[in-house]
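Okay, got some structures for you below.
One chain, chain A, appears in both complexes that follow, with chain B as partner in the first and chain C in the second.
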Partner chain A sequence: MHIVDGALSNPVVIGGAVAAVGGLALGLRSLPLERIPAAGVLSASFFVASLIHVPIGPSSVHLILNGLAGLVLGWAAFPALFVGLLLQAVFFGFGGLTVLGVNTVNIALPAVLVGMAIRPLLARGSPLYGAIWGGIGGGLAIAATTLAVAFSLMLSGDEFVVAAKLVFFAHIPVMGIEAVLTGAAIFLARRVKPELFIDVKGRLA
Partner chain B sequence: MVYVLTERDSPSPDPLADRRPLRQVLVGLDPRLRICAAVVFAVTVVAFDTLWALAASLVVSLALLGLSGLALRQTLKRMLMMDSFIIFMLVLLPFTMPGTPIFSLWGLQASWEGVLRAVEIGLTANAVILAVMTLVGSMEPVTLGHALFSLKVPASLVHLLMFTIRYIDVLREEYQRLRIAMKLRGFRPGTNWHTYRSFGYLVGMMLVRAIERSERILAAMKCRGFTGRLVLLEEFRLRRADLAFAVVMGCVLLALILVEVAHGAY
Partner chain C sequence: MMLRVICLALASLLPSVALAHNVITSVFPSGQAIEGEVGFSNGDMAGDLLIEVFDDAGAKLGETRTDADGFFLFTPEQPVTHVFRGDLGAGHLAEVTMAADEVALILGTAPKSAPVTTGQTSATLNASASAAGLSDQARAEIATMLRTELRPLRQELTAYRNSSDLQSILGGIGYIFGLFGVGFYLAARRKLEG
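Let's turn to the complex of A and B:
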């Protein structure tokens, strides 16, 4: 899902950077001092989760779980996922530097949107009901991220249209896996710590 | 203990801070300067279009790698891993970009322009990511946070970065403990519902524990009167070596730009 330096056209790179700065500003505004430890520890756990390789047939995929990040963190998912991408680029060499803005928007914006739309539904009804909505959110976030990646490539040049389509179709199984995993994670969280998704003033997200 | 981000055995400060061998020249430089140099280099290289300038940029990045004290083999391996992600897109390009045909494969025409574009992207991506890893990735993660703060990055974003850096290793250990517990109970991952559900529960458990951990952290920080001020443990100063590096880097960039202009269609 990481786009590398040199592939995108300048307007796309600059637009992505501007949008990422705007998203970071909005995300940081919803992050008072009290909530920084929670956001930081969760950001670290999503970083660790992205190192998990899940088998699929003879191959394996690594998790992104941006939908789950949005469901748990809300707007704070934007800076949290940005930090993860920054660390991956600098220390692991995944992605790039000038495309950091585009990559952040592609991964964090779907997370935030899914969080805003679906988070209120998670605390309702039985844990299974919450898990189903969580799964829908997890799948939607990856689908939106894939579409955003394809869209960034297509905006940069017609020569990427085929690659962009392939990126989308290749990620359909990943969407399914992320949906099941997110649903199961929400199910467990509802059983173990039901108050997690009930919005109380001063709590996370 | 091996740390996730640095993959070194322990973050030991270098005792030879003033007398470094040539291989580690970059380590002694001001972290702020290294971050700025990486950004300027990346922006310049991304703007290049000619293969000569891009190839020269990759050579510059390799030279930086030689001066950074990073493990050569491991860093190059990471670079190749990134290549393995993008190789698919690069291989497609010759067939999807219109232009002068050079060869055909299974009835698909490959264009000369597409090959050039693919090589161009490959060179750019590798040159930039290698420079970023050698200039910025060679510093301690915590130093990166402090340097970003002195470069006027908002304090709350730096706090978030520092917390993430601090807890990645803690949570990775927790993850490994949970995986061992699963293994002991006979869990073997495969392509099935049980595997995906178990991994989901694993992630969910990590989240619940992370939230509870963060509550304890907040309580401990409040107890010590944390106000959100970042205390910088070291003061960054530009030394003579930093200025020398800035001048050399400036000249190198200028030379690269000249190569680009000389070979470009201007």
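Let's turn to the complex of A and C:
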């Protein structure tokens, strides 16, 4: 899922960096004091999740867990995922520093969109109802991320359909696993900390 | 309870799967040719991959394919910098460069026409071998054997360099918490002031 240094053309890298800075600014403004610990925990779980590999055929893909961050944090997922990506690049050499912006947008933007679409549904009904929507959100975020990755590859000259197919199909098992994990996490949060999903008015996008 | 189960499951997964997912590429002289390998750091090699060869100005010099084990051979013709590039798809790009002087060493030092200079090259390269009284064929066999013997070592070395151990994982988590702690401190101070 992480695009590496040198795979993208310069305009895409620069565009990604600019978009990431915009997202970061928006995210930091919509991160209230009481959400900072949650953002830290989600950033750390994102950081570790990518080390968990799911073997598929000859290759393997890793977990991403961006959907959960988007569902809980909204726009604030941008700084949380950015920090995780930065440390992954520094510690493990995942992705790279020049493509950090593109990777941030590819992973955080789908998370934010899924969060905006599904977050209001999480607080409704029974915890199980919330968990099902959470699972759908978790899977959707991965699907959208694969499309974003394919899109950035296309802008750099790759054939979109080929790239999209390759990334999308490789990540179908990840979508399933993340749907279950996200659903479980949302279920747990609904049981022990239901106020997590009730927005303070005007604070969280 | 559920959280504990998840944590346990994750912890038991970690040591065996804590491998980075990077592309590893390397090239090295192999007799009259350049041999290289392409693969992922988790040990999967990139079989049947198109490797394009460029010089440092970006002009295409030729292309080759990897075999099932991710190895490729390319016979250089000009003593210029060779850039080997393979697209593994999905944003994975293998790129490795062999400097002009290394290529020149393979071809022999004279840059004009490669075939003429081979005799001179092998003369310098074989100095030690012929001193030991080995035929060209035996020498080539030994070289092949050595390369085969060294291959797993080299792979292990690259995999080790790319592996992520528990220390760096914990260190990374520590950095994240520290960073968010500082953010929390700044936000709290601003709130107290205001």
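The rule is short, and it goes like this: the second predicted complex is superposed on the first by the 166 of 205 C-alpha atoms of A that agree within 3 Å, B and C clash if a C-alpha of one lies under 4 Å from a C-alpha of the other, contacts with A are read in each partner's own complex, and residues count from 1 in each chain.
FYI, a contact is a pair of C-beta atoms (placed from the backbone, for glycine too) under 8 Å apart; a residue touches a chain by one contact, two chains touch by 3 or more.
Just so it is clear, the model here is predicted, and its values are computed rather than measured.
Legend: residue contacts after superposition of the two complexes on their common chain; A:Leu68 is shown touching chain B, with no touch to chain C. Once the two complexes are overlaid on the shared chain, A:Leu97 sits against chain B while remaining clear of chain C. When chain A is checked against chain B and against chain C, the one touching more of its residues turns out to be B.
Contacts of A:Ala39 after superposition on the shared chain: both chain B and chain C are touched. Of the two partner chains placed by the overlay, only chain B lies in contact with A:Ile177; chain C stays clear of it.
Of the two partner chains placed around the shared chain by superposition, chain C is the only one that A:Val149 touches, whereas chain B remains out of contact.
In the superposition on chain A, A:Phe160 makes contact with chain B only, not with chain C.
On chain A, the patch touched by chain B and the patch touched by chain C overlap at residues 2, 4, 6-7, 31, 33, 36-37, 39-40, 43-44, 47-48, 51-52, 83-84, 87, 91-94, 162-163, 166, 181, 184, 187-188. Interface residues of chain C, counted against chain A in their complex, comprise 2-3, 6, 10, 13-14, 17-23, 40, 42, 44, 89-93, 95, 162, 164, 168-169, 171-173, 175-177, 179-181, 183-184, 187-188, 191.
Against chain A, the residues of chain B that register as touching in their complex are 4-6, 38-39, 42-43, 45-47, 75, 78-79, 81-82, 85-86, 88-89, 92-93, 95-98, 114, 117, 120-125, 128-130, 132-133, 136-137, 141, 144, 154, 156-157, 159-168, 170-172, 175, 189-191, 193, 195-208, 210-215, 217-218, 221, 226-228. By the touch rule above, chain A contacts chain C in their complex via residues 2-4, 6-8, 31, 33, 36-37, 39-40, 43-44, 47-48, 51-53, 58-60, 62, 83-84, 87-88, 91-94, 149, 152-153, 162-163, 166-167, 170, 181, 184, 187-188. Residues 2, 4-7, 10, 13, 24, 28, 31, 33-34, 36-45, 47-49, 51-52, 54-57, 63, 65, 68, 72, 79-80, 83-84, 86-87, 89-98, 159-163, 166, 177, 180-189, 192-193, 196, 204 of chain A are the ones that touch chain B when the two sit in their complex.
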